[in-house]
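The same subunit A turns up in both complexes below, where it pairs with subunit B and then with subunit C.
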Partner chain A sequence: MIRYTLRRLTGAIGVLLIASVAVFALLHLAPGDPATVLAGPDATPQTVAAIRHQLGLDQSVPHQYVSWIGQLFSGHLGDSYTIHQPIGSLIAQRVGSTLQLTVAATVLTLVLGVAMGVALATSRRRVVTQTLDYLATLALALPPFVSGVILIFLFAVVWKVLPSGGYVALGQQPGEALRRLILPSIAMALPSAPVIARLLAAEMRRVAQQEFVLTAIAKGAGRRWITWRHIVPNSVGPAIIELGIRIGQLLGGAIIAEAIFARAGLGSLLVQAVESRDYRLAQVLLLLAISAAILTQLVAELCIAAIDPRVRVGGTA
Partner chain B sequence: MNDNLSPALTRRSMLGGTLALGGFLLVGCGTDNSSSPGGGNGSPVKTLRVGVTGDLLLSSIQRFQANNQMLRRTVYDYLLDKSDDGSYTPSLATAWKWSSDQKSLVITLRDDVKYHTGRAFGPDDVIASANAALVATSGAQAAGLLKLASGLKKTGDNEVTATFDKPFPGYLDAFAMLPIIDSQTYADAPSGKQVIGTGPYTFGSWTAGSKYTLKRNPSYWQSGKPAFDTIEVTVITDSQAMLSALQSGQLDMVDGMVLRDAATLKKSGKFTVQTSATYDIYVGVNTKVKPLDDVRVRQAIAYALDRDRISSQVYSGLAAASCVPWPSNAPGVTQEQVKHYSYDLAKAKSLLQQAGAVGTEIELAPIPSDPSVVAASQIVQYGLTQAGFKVKMGTYDSAAFATHVQAGDFPGLWITNVALTTMGATTALLTANPLTSAKNTENFVTPEYASLVSAVVDATTDKLPAATAALTDYMLEQAFHNTLVQGQTPVVAVPGLSGVTVDRTLAVNLTNATLKE
Partner chain C sequence: MSVIVRTGETSAPTVPTRRPQRRYVAAVLRTPRGLIGLVLVVGIILVAVVGPWVIPQDALTQGPDALVGPSGTHWLGTDEVGRDLFARLLVGTRVDLVVTLIAVPISGVLGTLLGMVGMLNRFAGSFCQRLFDVLLGVPAVILGIAVALAVSPGMGSVIIAIVLVTMPKFGKQSRTALLGQLPQEYVAAAEVLGYPRSRIMFRHVLPNILDAIFVRFAVEMAQAVVVEGGLSLIGLGIQPPQPSLGAMIKSGSTYLFDHPLYSMAPVVVVVGLVAGYLLLADALNEANLRR
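Entry: the complex of A and B
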């Protein structure tokens, strides 16, 4: 297991280094730079050049990359070009909102996905499975920017029972923070939950035909016991892997949800950084997002390896 | 063997519990209106909740830029204000007097003004503010006017004097668009650590990209003002989210709402919509690119623009169709000029045929940050296609678009605005990138244009209308800068809010604002 973990960890660090080059290059290849934004639309070329020099953007791109990566290795994220505040403190201000949203959406995805998956796999009534199947298709087809607008319209504008958006720290006003989480987390979980549900249902149907399940039935075990004690634990593998990928996607989806629900999180900060060509801030945020995706994938793989010895020996699940 | 995993928690009790919890969260907590403690009995509200479309850009507070419009007249003051009729009214300056040869201007300042730090305001602060704008990295448009003075000196305890090599009556515009900063703390302003001015509100906290608060300045020089203890400003970049926040009662006022949304809310009768001085929304033409270097092709474009349709369908009447970049009531502007180009596809086709440019492919790029302009671009595209152009839509993000505006290297046509035209022709011609004569976004540089621009800039008040009229005629004939409509910045608010004004720099002034439930 240790060797397997080390192998995966080395691979993850390599991916991260390659990603840092790609992120840096892509941002610098895009037209415009922070000097353009800081100078304003009516600036003269002299003003833009003076700002560019002030920010060190007149140096060669490789020099800027080496300088930036060196700064990262020494533990300094630097200051934002446009906000003029330390990037670390900007992230600290925002990370709570994004984590709240991602955790809430993940929990909701898991709860809805497992509930629907089990119901799809175990229900004997055709009307139930068909209804669930239609609902899953509908949820899958609703991207957060559509479901978000519908939810806001109904719950915030028409019925006025929930706020249309905004962020309140959980530690300050827990009740209000939770109320502001409900709509965005539903919007984000809706397209993900059916995927988990269908994967789980398919795997449960396969596992239900396994000999150990038939043996349990033959021995007279109750249906619910067999489902939750034997079928579900042996069926969650693909769903866990998918959830790992989905968490990365949910983090990405936070960008859209934060815009629609006016939440100040890392996603909206990233959009702001990219739009203003705040290279330093955008680079750090993108690397952070990539690191989060790699980490969740790594944790999911390690979980599978811990559950299934065949994986850590060298095969795949 | 236990058949039930958790016998105490039945499906029925779980469902009931979930419904109860949901009901509590949805209904029991209710909508959070804690920041508006008016109570619905007509009593004044002490906290104003404002929505803005973009975050602060504190390193450029002296610049005429949408990001800082909530701050320029709340935390800061100007020396004077420019009225709609072009005259000036006192603010931090009490009086100003030109010498008979108009080569010297004496400005007298108030003696009872203090910065938020408690330090007294004086002539050195006016000079420091001007110098800050003139720094190479400032990008402040006022610098284009300030640099035309040969000197700016303290000539008394409450007096500064500007001197000029040749008369320049337009100089006062600089001080009607320049926030007076505190030189002692200005270095700390970009990060939000110390944002110090003399205005009615002090700068409170700032969560970048999210919100900022302003607090009442108890020592404001206008006694008894302002009314609010706190102004909470929330940054909402998504137009739909902004609309929802206002409709759901989370905001009292929105500055810079998309015009079509503002028009919808105005029609609903549930909100008030106040608009600013009009500014220029135009189709720019890169005259360096063939066949756009041919004046007949440019005139064909001008005839293919359905301005009335854009005004009514896109802006719902909150922007007036116009062919000239200046407000229609500007000195020297005639109604004939405002309506110079009608929507005339036959003329457009004929001109295009004469120029041998039928079927020419041209790119049309709308500014991406303004949904109204993006919508207007579809009508423009239709007209140009009907006239005989092959139109390719160009897509840029905000930073890339700004880069092309600065560099003047759009491959064809673009649509954006020149907000500086609110200050009048002189200031716009000296400071706005699309209109300056030595170099401009359209790359339209001719001796005639330079001469006509100089005539406007140098004109004394009595000669300004004729100079503006001559310049406008020339611009219409050359059709390198095709105005579509005169737009406005809307301030949408709940009905109880009064006293909000938007000055000619499009900055929101809340000094006299009050809100009653």
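Entry: the complex of A and C
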């Protein structure tokens, strides 16, 4: 387990390093001189030079990279150019909203996915499985920005039961905050849940053929007991790994959901930063999102390895 | 063992005659999924290609009537500056199709070839696979935003983003399919005959993994529509005044109460396209499995 953990960890750190170089390089790939762009069309050469100095653009490229990484690790992220506030406090203000949304969407993905997967695998009626299969395809075809608008239209405009968006801190008004989480998290979970469901159902059908299930049947255990106690725990592996990957994608979905549901979160901050070419802020946020995605993937892989020794041994492939 | 007969059989699909192909297409169309998928995709493409020439309204011309409902002159009504929504929907769909139909084939060819590189050079092969792992680790939207930061947002940046998002999936798919083909006897036979590896790769293995790549192609077309829509919606994709489905959905969401068609019409097109591609992918996959 330790060897496996170390191998995965070095892999994740390697990916993170490559990602940090790539994110850093974005500034230099950009067309034109970033300092000139930031200073605006009628800036004096002095202003441009000052901005260039502040961005560290007057130093060598490797030196810039190292000092940037140093800043990230020491937590001195500097000020945003366009919003004129420390980047650290900007992130602190917004992180709660995005975190809530991602957690809610992840939980919903898992619940919906497991429920659908178990129903798909265990139902004996063709009508049920066929309907579920079509529903799954339909849900897959609903990216968050599409289902989001449909949900707002139905629940906020036609039936007027839920708010169309906005963000309230969970600490201040817990009820209202949860109400505002419902629609966006459904929108985010819809395209992910069927993936989980199909993986789980396929694995459950495979596991159901195995001898220990036969033993359980022979022992006289009930159908429901066998499904939840024996088959599901032995089938969740692939689904959990997929969920680990999906959380990263859900984070991406959060950016879209924040735009549709008018929530002030890290996603809307990132979009704002890119639109105003606020490189510093955008780079930090991009790297943050990528690290979060890599981290959740790593955690999922390690969880599975801890549960299932076969993964550790055969995990080289 | 009847080695010669068996290799003769397995190499048959490498030189496809016309009839198995026709049967393949028929197998895809015979399933309800395949038929619905094809009708959706082809229908939307036809309307988007022909539509803008047929209707008299222009997508960019502003008019005096802002935010009016559907009428004889404006089939879907108008937007906040009086532009005809139906014309904008058609042109937006067309832009989406142009972007995805440029990006995904490029990414398909690149990804498939890079995924097979390992057959010629082991080091290059594993390098490409690691590269794909890195790209796959980054959420699609984040990748698209990063591209928009590096090059200014527009059709070009969306195309690059789609290529970066979908290429690794083609790469992984072709690698998996390739590994499935290598132990087959026709590959060994070609090696015994002394053919160079590049010839075996292109002439013998590639035609046999194409069916898997086609399924992947349909799936990634759906993914590309989602990426384009999402990026345009947050304002980092297709730039105004050029219409795009994502941007229409976003600006229409403000008027859901008075003018629901504004954003529902592009929603229907996006769902139709994505569902169409996914259904086609399902049908193709089924046809492959049955063969």
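One rule holds in what follows: the second predicted complex is superposed on the first by the 273 of 317 C-alpha atoms of A that agree within 3 Å, B and C clash if a C-alpha of one lies under 4 Å from a C-alpha of the other, contacts with A are read in each partner's own complex, and residues count from 1 in each chain.
In the analysis below, a residue touches a chain if its C-beta (ideal position, glycine included) is under 8 Å from a C-beta of that chain, and two chains touch if they have at least 3 such contacts.
What you are looking at is a predicted structure, and each value in this text was computed from that prediction instead of being measured.
> According to the stated criteria, A:Ala293 is in contact with first (subunit B), second (subunit C), both, or neither; which is it?
second
> Considering only touches as defined above, state whether A:Leu142 meets subunit B (first), subunit C (second), both or neither.
Second partner only, subunit C.
> Tell me which partner A:Ile255 touches in the superposition: subunit B (first), subunit C (second), both or neither.
second
> Given the touch rule stated above, what does A:Ala50 touch, subunit B (first), subunit C (second), both, or neither?
First partner only, subunit B.
> With both complexes superposed on chain A, which partner does A:Pro41 reach: first (subunit B), second (subunit C), both or neither?
Only subunit B is touched by A:Pro41; subunit C is not.
> Is A:Ile240 touching anything from subunit B or subunit C once the two structures are fitted on A? First, second, both or neither.
In the superposition, A:Ile240 contacts neither subunit B nor subunit C.
> Considering only touches as defined above, state whether A:Val195 meets subunit B (first), subunit C (second), both or neither.
It touches nothing on subunit B or subunit C.
> Thinking of the overlay built on chain A, is A:Val157 touched by subunit B (first), by subunit C (second), by both, or by neither?
Touch status of A:Val157: both partners.
> Based on the superposed arrangement, let me know which partner A:Ile83 touches: subunit B (first), subunit C (second), both, or neither?
Only subunit B; A:Ile83 stays clear of subunit C.
> By residue count, which of the two partners contacts subunit A more extensively, subunit B or subunit C?
B
> What is the shared patch of subunit A, the residues that subunit B and subunit C both contact?
30-31, 149, 152-153, 156-157, 164, 259-260, 271, 274-275, 277
> Using the touch definition from the top, list the residues of subunit B that touch subunit A in their complex.
Spelled out, the residues of subunit B in touch with subunit A are 1-5, 25-27, 29-32, 55, 57-60, 63-65, 136-139, 141, 190-192, 207-211, 234-238, 240-242, 244-245, 247-250, 396-400, 402-407, 420, 431-433.
> What residues of subunit A sit close enough to touch subunit C in their complex?
It is residues 15, 18-19, 22-23, 26, 29-31, 137-138, 140-146, 149-150, 152-153, 156-157, 164, 245, 248-249, 251-253, 255-256, 259-260, 267, 270-271, 274-275, 277, 279, 282, 286, 289-290, 293-294, 297 of subunit A that touch subunit C.
> Could you pull out which subunit A residues touch subunit B in their complex?
Subunit A residues touching subunit B: 30-33, 36-43, 45-48, 50-51, 54, 80, 82-85, 90, 93-94, 149, 152-153, 155-157, 160-167, 175-176, 178-179, 182, 221-225, 228, 259-262, 264, 268-269, 271-272, 274-277.
> Help me check something: in the complex, which residues belonging to subunit C touch subunit A?
Residue list for subunit C touching subunit A: 133-134, 136-142, 145-146, 148-153, 222, 226, 229-230, 233-236, 246, 249-250, 252-253, 256-257, 260, 263-264, 267, 270-271, 274-275, 278-279, 282.
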